[in-house]
Amino acid sequence: MHDPHPLFPAADWDPSLRIALYPGTFDPITNGHIDIIERGLTLFDRIIVTIAINVQKEPLFSLEERIAMIEACFSGNRRITVGYTDGLIVDYALGNKARAIIRGLRAVSDFDYEFQLALMNRRLERSVETVFLMTAFRWIYISSSNIKNAARCRGKITGLVPEHVERALQEKFA
Amino acid sequence: MHDPHPLFPAADWDPSLRIALYPGTFDPITNGHIDIIERGLTLFDRIIVTIAINVQKEPLFSLEERIAMIEACFSGNRRITVGYTDGLIVDYALGNKARAIIRGLRAVSDFDYEFQLALMNRRLERSVETVFLMTAFRWIYISSSNIKNAARCRGKITGLVPEHVERALQEKFA
Amino acid sequence: MHDPHPLFPAADWDPSLRIALYPGTFDPITNGHIDIIERGLTLFDRIIVTIAINVQKEPLFSLEERIAMIEACFSGNRRITVGYTDGLIVDYALGNKARAIIRGLRAVSDFDYEFQLALMNRRLERSVETVFLMTAFRWIYISSSNIKNAARCRGKITGLVPEHVERALQEKFA
Amino acid sequence: MHDPHPLFPAADWDPSLRIALYPGTFDPITNGHIDIIERGLTLFDRIIVTIAINVQKEPLFSLEERIAMIEACFSGNRRITVGYTDGLIVDYALGNKARAIIRGLRAVSDFDYEFQLALMNRRLERSVETVFLMTAFRWIYISSSNIKNAARCRGKITGLVPEHVERALQEKFA
Amino acid sequence: MHDPHPLFPAADWDPSLRIALYPGTFDPITNGHIDIIERGLTLFDRIIVTIAINVQKEPLFSLEERIAMIEACFSGNRRITVGYTDGLIVDYALGNKARAIIRGLRAVSDFDYEFQLALMNRRLERSVETVFLMTAFRWIYISSSNIKNAARCRGKITGLVPEHVERALQEKFA
Amino acid sequence: MHDPHPLFPAADWDPSLRIALYPGTFDPITNGHIDIIERGLTLFDRIIVTIAINVQKEPLFSLEERIAMIEACFSGNRRITVGYTDGLIVDYALGNKARAIIRGLRAVSDFDYEFQLALMNRRLERSVETVFLMTAFRWIYISSSNIKNAARCRGKITGLVPEHVERALQEKFA
């Protein structure tokens, strides 16, 4: 799993472009993630949605399922691609000429964790900047975790995730 | 475990009554929980202490043990009953005509988590209100977790949990 | 200004009623306040919206203007009345047979301040409970202060305050 | 003071450029501010350092002094200009074709305040995005306020502000 | 007011002693402050309770009144003395051979402010360490500010401040 | 594992000495831990670095490895010793005549957790005081966890941990 190249030819992108990474587990992608990606497109030319593979945590959806769900959200948009890495996010950023890492903020405990992560990332690689965008207030209460919890208990998650993700969750918990 | 009816006939309660749910893991119930329940009784006519069953986490005490420990705290008080669910808390509230969910607040990280939970619950079911009560300052430092840790290491927990809970903890860690 | 009686005959209310105080500066009342009051009505029979007079801070609107603006929001609703006090909120609660003080929570710094206030109030008077309700996420970003700042700079505040409050703000800053 | 045009001809900037606003009181500018501005230049083509004039607060340095101190930090850099406004920051952003507002984060209470501000700004004007950058950990403890307090008590502030700002502070408190 | 010597001959103290500063406004001293001082005595040989004079804020009690109220709390205890300064706290610490500054923590917003202060103080003077002690939970809700607010409104403050401070507050607000 | 005696004869230390415990998991020790220990030595005569054994969590390094790594940091310094316990920290403090528990603070979520822990410890044993020291800002972003994450992904951790710890991490993840 050490192939650091994204599924789409990000490597072909013009080096003068402003490229940003948007890392996460995306297990699964939610409308909150999509909102941050769309905000990011007003600031950057290209965004690489990057699945961070954590070998210590078993995801609900496989890497392939997660990639497919993200691609289905942005199909046709040439400014977005999907990648994955089990290495350092900053190394993946460097390898793909991304000058920034995008993070969405929802709440104070988020911020606290993100603060430490951003400082650590800066220590690891000074040339990559972490940029925080504010999730729309419609989405501040959703996360992949509580979406999964609601779906597991058969709660109404319509409108919180794209339709194809809703169907995938229903199938997992059928 | 999908029977959403509490052990006592909450269903018989007069619909004009103000019924509230007090959900938690109660593994085990502490004096902090009891304090919140007693405060809740000044605001509501009936309280359903509701054990939220989390299939992903192994509790120290079985569901039956937890129910018995809670009942032993309030035996004789007709305004309190005990229930349990492995479904959505808001669904259990609706099914029992509860108009409110009571949550105790102790600290900032509590609040942050509770804030997201309350917003998510409201999204799932608008008619159920989340009400936050402040734990007495005598109890702000106790939780089921740190009570269990102290008991595991043979610390003095007298006065932090009811006597029968103290004995149950001593037996578990004997 | 030591008359602790509200403008409407709260004193006539049936003692079996559940009466709550909703204290604040209300300089001016916003849609966030109105949301909390409406949530409070699902839990309490009567609410006394109580202007806390702070002799050390000069408000934008006079006491009379603030009372009139609140009354205009709830005219015809016999379950809501308006009061004011320059004394302790807990004393005003006791004098009006209110068993609870309602507070709206929006953010962590709110909570922190509220936590100390609630503990202090409990120390001053044990029989009055503080109840926290969560502002709808549509309103978590508004406060009387930032509404006033926006109005002072001629920002669009339509939809954040009732129409008559919007007009009053425009006149103040004309 | 309603002239919303910056001192340098930002209006001449190419509309295809990515322009960001960096608003603040800058009373005075510190090394922490300069760090954020330099980070911002890796993401944006132009930055308008914008003094937000607060008619209700008396600054230590006059508007002219603050403008001069900021200009002395970036003289010769055509990508940075200085502006000021006593209106809404989002209006000033729109009038100068800025698509983003940059804010530096230092601590949790910062974040909390910024969160409300960003949501309010988005409500006022949806097309302007707020972007948060993390202050270098060398600067997380400095603010214009505590620099002024240290200078007032003759503390060593060398290395926390540019030299010309240090001299200006010494003259103010001589 | 630049005499940096405390009222009692701290200068005579043996340099091998562990001396700590406990700075604050003490307007007035509360039982929370006294609790922190007594905890500090288990760690340090001597404590200099140091009134930080803020020329920009008008206190309720004069410097002389505040000194007298603190002395009345600890009369006869040769390990505690009272000092004051309108300079930097770290300079006052150095001048009195104090190797540590004691700060009491009550809540998160406290911590945040204290964190910045401690980092700034360390920058100003590396040899003085800031030590944080936890206020007893009985006192986490009291501060000089809310004690004054309660006294102003004739609330019961018995048990929150020493008796002589209670009388002094009653006289101020008579 | 119930032998509560440290590896070095702390029991021989003079009872008039000020002894403090510095508990943690130390899996592995970082430069942030070392910074706190060195600060602690300015306040205490002796420090017992105490590995808290958590039977519920599998560490990366064995108890023996962790002890050896800590000892290698302070070899030759007679004022520091290493101990371990799977019991209550306060009991271990009492058994070793330590009057204080040292904790390092890095961020708000730290503080919150530490606050509850300190209050719980005080309840368990009143005679042991918790003392908080502030991690140098150079270290606020590092923890054993994120050091391990970085090492696992082959990130540069030079300068964040002692050299022998860096080598041990590289061997574990080789």
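We just call them A, B, C, D, E and F in the order they show up, numbering each chain from 1.
Everything that follows uses one rule, which is that a residue touches a chain if its C-beta (ideal position, glycine included) is under 8 Å from a C-beta of that chain, and two chains touch if they have at least 3 such contacts.
Every value quoted in this text rests on a predicted model; they were computed, and no experiment measured them.
Think of each touching pair as a link: the shortest run of links from chain A to chain E has 2 of them. Shared contact partners of chain B and chain E comprise C, F. Looking at chain C and chain E, the chains in contact with each of them are B, D. Its C-alpha atoms fitted onto chain F, chain A is found rotated by 120°, rounded in steps of 5. Distance from chain B peaks, on a Cα-centroid basis, for D. Centroids built from CA atoms put chain D at 49 Å from chain B. Work out the mean CA point of chain C and of chain D, and you get 35 Å between them. With each centre defined as the average position of its C-alpha atoms, the distance from chain B to chain C rounds to 31 Å.
Multi-chain contact residues, meaning those touching two or more other chains, occur in chain A at positions 108-109, 112, 115, 119, 137, 140-141.
Here, these are the chain pairs in contact: A-B, A-C, A-D, A-F, B-C, B-E, B-F, C-D, C-E, D-E, D-F, E-F. Looking at the complex, you find that chain E touches chain F at residues 18, 39, 42-43, 99-100, 105, 108, 111-112, 115, 118-119, 122, 129-134, 136-137.
Chain C makes touch with chain A in their complex at residues 107-108, 137-138, 140-141.
Within the complex, the chain D residues that touch chain C are 86-88, 90-91, 108-109, 112-113, 115-117, 119-120, 123-124.
In the complex of the two chains, the chain F residues touching chain A come out as 106-109, 140-143, 146, 150, 153-156, 160.
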